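Each chain carries a letter (A, B, C, D, E and F) given by its place in the written order, and its residues are counted from 1.
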Amino acid sequence: MSDARAIMHDGLWRQNAGLVQLLGLCPVLVISSNVVNAVSLGLATCAVMMLSGMAVASLRRWIPQTLRVPIFMLIIATLVTVVDLLFSAYAHGLYRVLGIFIPLITTNCIVLARAEVFASRQPVARAALDGAAMGAGLTAVLAVLGALRELAAQGTLLSGIDLVFGAAARGWVIQVTPADAHYQFLLAALPPGAFFGLAFLIAGKSAWDRRIARRTGPAPLATVPDGAGG
Amino acid sequence: MLQALAAMGGLAVLLGALLGVAALRLRVAANPLVDRIDALLPQTQCAQCGYPGCRPYAEAIAAGEAQINQCPPGGDEGIRRLAGLLGQEFIPLNRAHGEAKPKRLAVIDERVCIGCTLCIQACPVDAIVGAARQMHTVIASECTGCELCVAPCPVDCIEMVAPGETPASWRWRYPVIPLKVSA
Amino acid sequence: MRTSPFLSAATPLQRVMLKVLAALLPGIALQVWLFGIGVLAQLALASVAALATEALCLKLRGYPVRRFVSDGSALVCAWLLALSLPPLAPWWLAVLGSMFAIALGKQVYGGLGQNTFNPAMVGFVVLIVSFPAQMSHWAAPLAAGPAYLDASAQLAHIFGGVLPHGIGFDALASATPLDAARTAVRQGLPGPDGMLGGTSAWLALGWLVGGLFLLQQRLIPWQLPCGFLGALAVLAALFHWADPAAHAGALFHLGSGAALLGAFFIVTDPVTAPTTARGRIIYAASAGALTYLIRAFGNFPDGVAFAVLIMNMATPLLDQLTQPPVFGRKAGRAGRS
Amino acid sequence: MPFDYLLVLVGAALVNNVVLTRILGLCPFMGVSRKLTSSVGMALATAFVLTLASGASWLIEQALQAWQLTYLRTLAFIVTIAAMVQFTELFIHATSPALYQVLGIYLPLITTNCAVLGIPLLNAQAQHGFVESLLFGLGSALGFSLVLILFAAVRERQEGADTPLAFKGTPLALITAGLMSLAFMGFTGMAR
Amino acid sequence: MSRILHPFHGGIRPPEHKRHSNGSRIGSLPLPSQLVLSLRQHIGQPARPIVVPGDTVLKGQTLAVPEGRISSALHAPTSGRIVAIEPRSVPHPSGLTELCVVLVPDGQERWVERMPFDWRTAGIEAVAQQLCAMGVVGLGGAGFPTHLKLGSGRGIETLVINGAECEPYITCDDRLMRERAADLVAGIQILRTLLRAQTVLVGVEDNKPEAIEALQLACGGADIEVVALPTRYPSGGAKQLIRLLTGLEVPAGTRATELGVQCFNVGTVYALYRALEHGEPLISRIVTLTGAVARPGNVEALLGTPLDALMQHAGADDGVEGYLYGGPMMGFALPSLAAGLTKSGNCIVAKSPALFPPAPPPMPCIRCGDCAQVCPAELQPMDLYWFARARQFDRARERHLFDCIECGACAYVCPSHIPLVDYYRHAKAELWAADAAGQAADLARRRHQARQRRLEAAQQARAERRSPHAAPVPAVTSPAPVVLPPPQTDAPAPLDEKQARIAAALARAAARRDGAGQPPAAASAQPVADEAQPVADEKQARIEAAMARAAQRRAAQESRR
Amino acid sequence: MSTTAAGVRGALTLLAFALAATALLAGVWDLTRERAARSAHAARLALLAQVLPAHDNDPARDAWPLPAPQARRLGHAGPVPVYPARRNGTVVALALEVVAPDGYAGPIRLLVGVGRDGALLGVRVLAHRETPGLGDYIDAARSPWSSQFAGRTLGEPPEDGWAIRQDGGVFDATAGASVTPRAVVAALRRTLLVVRDHHAAWFAGRAS
């Protein structure tokens, strides 16, 4: 099913929210200071996107054009609040760490953008897949950025995992630099570090894309809309 | 629960009514963006962009359906202007639509022309004169170099030639300062 | 093809940079005299790291390495960074700072002349934010210090992190006047008495000599140092007048920290400062004011680096808003018919 | 008292700048900063809505707290903001077509600027009073406008630089934003 | 008495190098064996030749007449025979060729009849016409036709005579002022009367004391003020000179006349004097030969004199590595010495490495601001450079690129040795080209829209004709109002019908060829061939080949689909 | 469609969606409310447990508000809770929220446990703005620095020992960052003084 693959490819790479569309940047930059936070928020966003995609796609017949944006926002805000309530009940530690960034998924531009651009014109299944793919793409970026920053800042991976899986998970933390070296590079943990990290990720992607393009020759001819040229 | 429903319901009724009224009052004006985009296109009308002329392409850009890098006659400079107008990042010309090349003019080889008028029908800017069965000529000052007249000619008598350079038409070149040693 | 003019009378860029380096020498000499050989070690470390980073970046970007590395701008950047480091700082501080300064502050932007932020200050700020502990360990000046480290001991500390037996760093450390002043004020103790800030005032004199040389050589416009020092002094005097107990006076502020070094060598970086006369005044005066505010109310002891970076981001807008009227287009000037 | 208010204003505008310190509202910051003129339009529009939203959301928050419905906060805020943005658009269109021409296309984008929701949420979290809320909103709006306009001017200049190809465009803008954020750390400690 | 000067912003003081060439009197040159006269010796449209190869002409006889509003005439510098009118290389940075009249002197110097012009009674328009016919253009560098600078007789307040000669090396105006001061003053008096100027100011840089003295002497009691200017390049720029002398600033895009001032170069005034008082058209000019030459100095040379003859006369050294046309600040490197001297050729400098050490390779701009400090137009040259380099030409225009007078002061002081003026010239050229392209696009848009409308109307008409209820339609063969090209007149022919018609056309063409063996009427415009038959054959062959090509192409297209 | 009709239609549509959304939310809230409150409570208890000895009551539920005058001595503007830990009904320890106002970069909020014998049981930093990497070693998550206070009383060390080493006291402090620990030590000492002053009442389980 190449259609689904195309949607996945778009979401994960070609139209990646964090690297290409540059939407939903605020949580990406703030919450990516370690892997656990990053992935948690990424998955929450992913869930909201999938659900809102489905909701919008299934309800689109009843949504008047002029009230589109407020109603989309209504749907998204509701779903986000549901997620927020669930976090507060079942992952309280994480709930405190993520703070206002859970409610802020509401205004995460990528959610509304997908609702508007994709979900409001597509069947439910595709909308769900698109939401999931976009969310997964965002989560992937968050995970990579989180890992890079956590490594650079404190030389660990998965610190804070106990907030998700309880105190038992404390041992899962991977100490990359020797603990007694007190390694730290604070810049990486601060917002500027997030900006630099994302910049280098995007630069890397663009360099990679260019290399691929060089290897495979110029892009294939764009499809000409039917009836054009006459 | 009831309180919640009442509160949100009240808010929604208030805002919904406001917006409902607002939506009607909002006039949908013609999109002035199309004109501004069209003004930046070279008007060669060559259809290389994949649209049947410059204006349709302008409309497609305004509607967000087309990229700004599909017009070879406009070249990088044209893309730069479009990017400036639309606040987008510059992207290089999409080679799939053709290469940017210096403007050339159509010249009809008058010894071969059979006067079939096919080229006249093809020319989007009426730059070819001549009546049926008469020899045809291109008005150089009005030819946009779109090459649309080349293909229909049954005897292949139309050639695209680059106008020669004279001191009057000569332009100062971009000062080439070899800073980079390799790309 | 090269066209007119066919004549040139400019001091070549390399010479400009060399003169800036030369202007730093009096201050460096004083700093070595005050703090010891460590200063030279930091200079050397930063220079090597900066040149190496510059060469690597140029190579990666495909530019002629020799020509651009030899333009001297990386050295200026490295020296200014090294001079703002604690003389006994561990070796990797200077190296890391220079790498960030050149790679992130300069080459990512396209190299010489294209950067938005002052590279040396980018390096400095990265360091002070990332390694506040190491960056605030200023040893006391040798002349006044409670303990004396000879050259080899200094180098041993810089490169090996070891101190002679029996001496802890606490024994060597001294708060710089700015730091001491703010710490005192925060704890309700009497602040400095408005006099010059001890030994660093001597240093200030060194930078002043170099700065005057640059002014005389017309390598820096007067608006920048004057605007900077003027705003700093006026604000300091104002606050001191309002509450002498809580705020040190103008002379103290001019004589301590990086005020004069900044005024003559950092605020004046041509690439990152505006080019119009009005823009330069606004830029430098704002930087001076911000320096004072950060010193007096912020968390960092010295504000020069932050103030300069903050104003760097205003430079393009200032340049645009302060365009002088072009010949024949001046309002109110005869000529508009 | 006036001094406290000034502190709130300056604190929100510079010390805890929405974009550079709180990291909110980045999408418009990155997206509408390629041209100085459009950034000025965006700054004006956002400043207006942000201030208005701070005031309106304070009212709503009072009601929600009175009825113990704070879990509806996000929902109520965002619906109000979305409606307010649309209404602003209408209002400007009706009263000043010239201004509308300038701001028109930026207005709808404001709804998804997370600063517009984030600042009211922070207001609610910090239990600010009405005047404080309004000033906090205004200060944040000023801070947003200031850095957006400066950033746009910086980016306009950078367009002409020999930036390495991989960094041209967005990566360089992000690095610049990062350095701006680093520079703004100089303000830390200057207000609560 | 000294006048209060109004110094302009910026400026530089390059080494003068005037001493090489200003020590000796204006010399002359033996008649060269050939004169190459470009038809574009001035700004504007080139002149239209009215002689043909083979004609013999007298000295001063008109060779070409002005074409269009901004143009000027061209005359034979000496008597002789026109041997060719053909593209020859001209003094232009491009090194391209342009239409030139080539004249071989007969050595007899026979003049046409020369008649002084009664400029006192003739109206100013008549005088202007006479100057145009005499080919007088500005000799200060730009070559703007002088008759256009006289205005329409409204008169001006201040007449400024430009004797500044601020560029290094050039001394032709200096020598002119020293040696022909009396004629020059007579010319100034003519201009003052014509323009009804109240004040006359002659600006001369104070590094030419002899010229100042000579002029003052010649002025005698006349109310002409000779003002010594501080030596500072580019005080000779018209706007800078006007500002210096009067304090008025002429904005870009405005003419000085609007402010009541007009400025003429001394050489121009002298030429005007010769043209009006002696009836001599502009056929020669004083040119400085200097630089790395054995005998630097000034010569009065006939227009069209090959530049290598001039350089031979001056004795160019062996070490010369190129020549500049004009001074080192504003001139350009000559691609070849084969061109002939033009009216704006005030100086030729032979370059040697000693005088012109090679510029070090350019470095990036560090925004030091030195250039802004010296820019007489008060621009921010580094910004213009930044935008021009990034090809953001519109931004450069916003920053007043077109106020730049290309004086080169900025590049002179740039520590990074950036050829700034090159960038400005490039940017200006691109902007002009873009403007032209924009106009062409507007034209194309209008024509395209007209065509669309016409086609729509035609379609509608057809639709109406086809509809059964339509009124009986006149048997139209040419429906819609036909504009320039007769459009496809017949009703839409089905494809095969069209093909048939093409075939018919081909057949017709073949028949015509076979029958009369005459070239088609239109072909007579072609360079005439001697024999018809080969042409016909050739045409046949061509058509066949072309048809084969076309068929091939179509086949290829088909297969691609 | 008239303007009013459009208004009514728009209002109704939005109303329908809003009601559905609210209903959904209210439902979910109802379902999670209990659990969320329990989670929050548990988090609070876990934190208190770090500074309190073993106990058999729920200190969070048993907390009483500290009146303003005493709260002010601990650096607060208004009332704050005091958390008692009881074993078999007797109060064995108290946990207090304390503010050290003079940290390097602003106030430092601490949670301090004090035993019946007047000894410090534990110190946890709730919130601070000290320089990361320099002043933040007071945070137990960063370094064990704060554990040195366990067992300290007003007499042990004696009064002039209640200071950091640099100032002649007994408590460690990182060289180059003495402002922060100074503030903490002073705040702890103030806390012990306040507790001593109200020892009788508080450990009897009374507010004052």
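Note that contacts are C-beta pairs under 8 Å (C-beta built on N, C-alpha and C of every residue); 3 or more make two chains touch, one makes a residue touch a chain.
In UniProt terms, the chains line up like this: A = Ion-translocating oxidoreductase complex subunit E; B = Ion-translocating oxidoreductase complex subunit B; C = Ion-translocating oxidoreductase complex subunit D; D = Ion-translocating oxidoreductase complex subunit A; E = Ion-translocating oxidoreductase complex subunit C; F = Ion-translocating oxidoreductase complex subunit G.
The structure displayed is predicted, hence computed values, not measured ones.
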Hopping only between chains that touch, the fewest steps from chain B to chain D number 1
Specify the chain most distant from chain D by Cα centroid. E
Going by C-alpha centres, which chain is most central here? D
Looking at D-F and C-F, which pair shares more C-beta contacts? C-F
Approximate Å spacing (C-alpha centroids) for the pair chain A, chain D: 22
Could you state the distance in Å from the CA-based centre of chain A to that of chain E? 62
Chain-centre distance (mean CA atoms) for chain E and chain F, in whole Å, is 85
Suppose each chain is reduced to the average of its Cα coordinates; what separation in Å results between chain C and chain E? 53
Would you pick out the residues of chain E that each touch at least 2 other chains? 93, 361, 364, 392, 419, 422, 425
Contacts with two or more other chains, residues of chain C listed in rising order: 1-3, 61, 104, 111, 114, 126, 129-132, 299, 319
When you check chain B against every other chain, which residues touch at least two of them? 4, 7-8, 11-12, 15-16, 18-20, 23, 25, 84, 172-173, 175, 179
Chain A touches which residues of chain F in the complex? 9-10, 13-14, 17-18, 21, 24-25, 28-29, 32, 35-36, 39-40, 42-43, 132-133
Using the touch definition from the top, list the residues of chain B that touch chain A in their complex. 15-16, 19-20, 23, 47, 50-52, 56, 70, 94-97
Residue set of chain C touching chain A in the complex reads 104, 126, 129-132
Which residues, counting only chain E, touch chain C once they are in their complex? 8-9, 12, 14-15, 93, 168, 239, 243, 247-252, 254, 258-259, 324, 326, 328-333, 351, 356, 359-361, 363-370, 372, 376-380, 382-383, 399-400, 403, 406, 408-409, 411-417, 419, 421-422, 425
If you look only at chain D, which of its residues touch chain F in the complex? 71-72, 75, 79, 188-189, 192
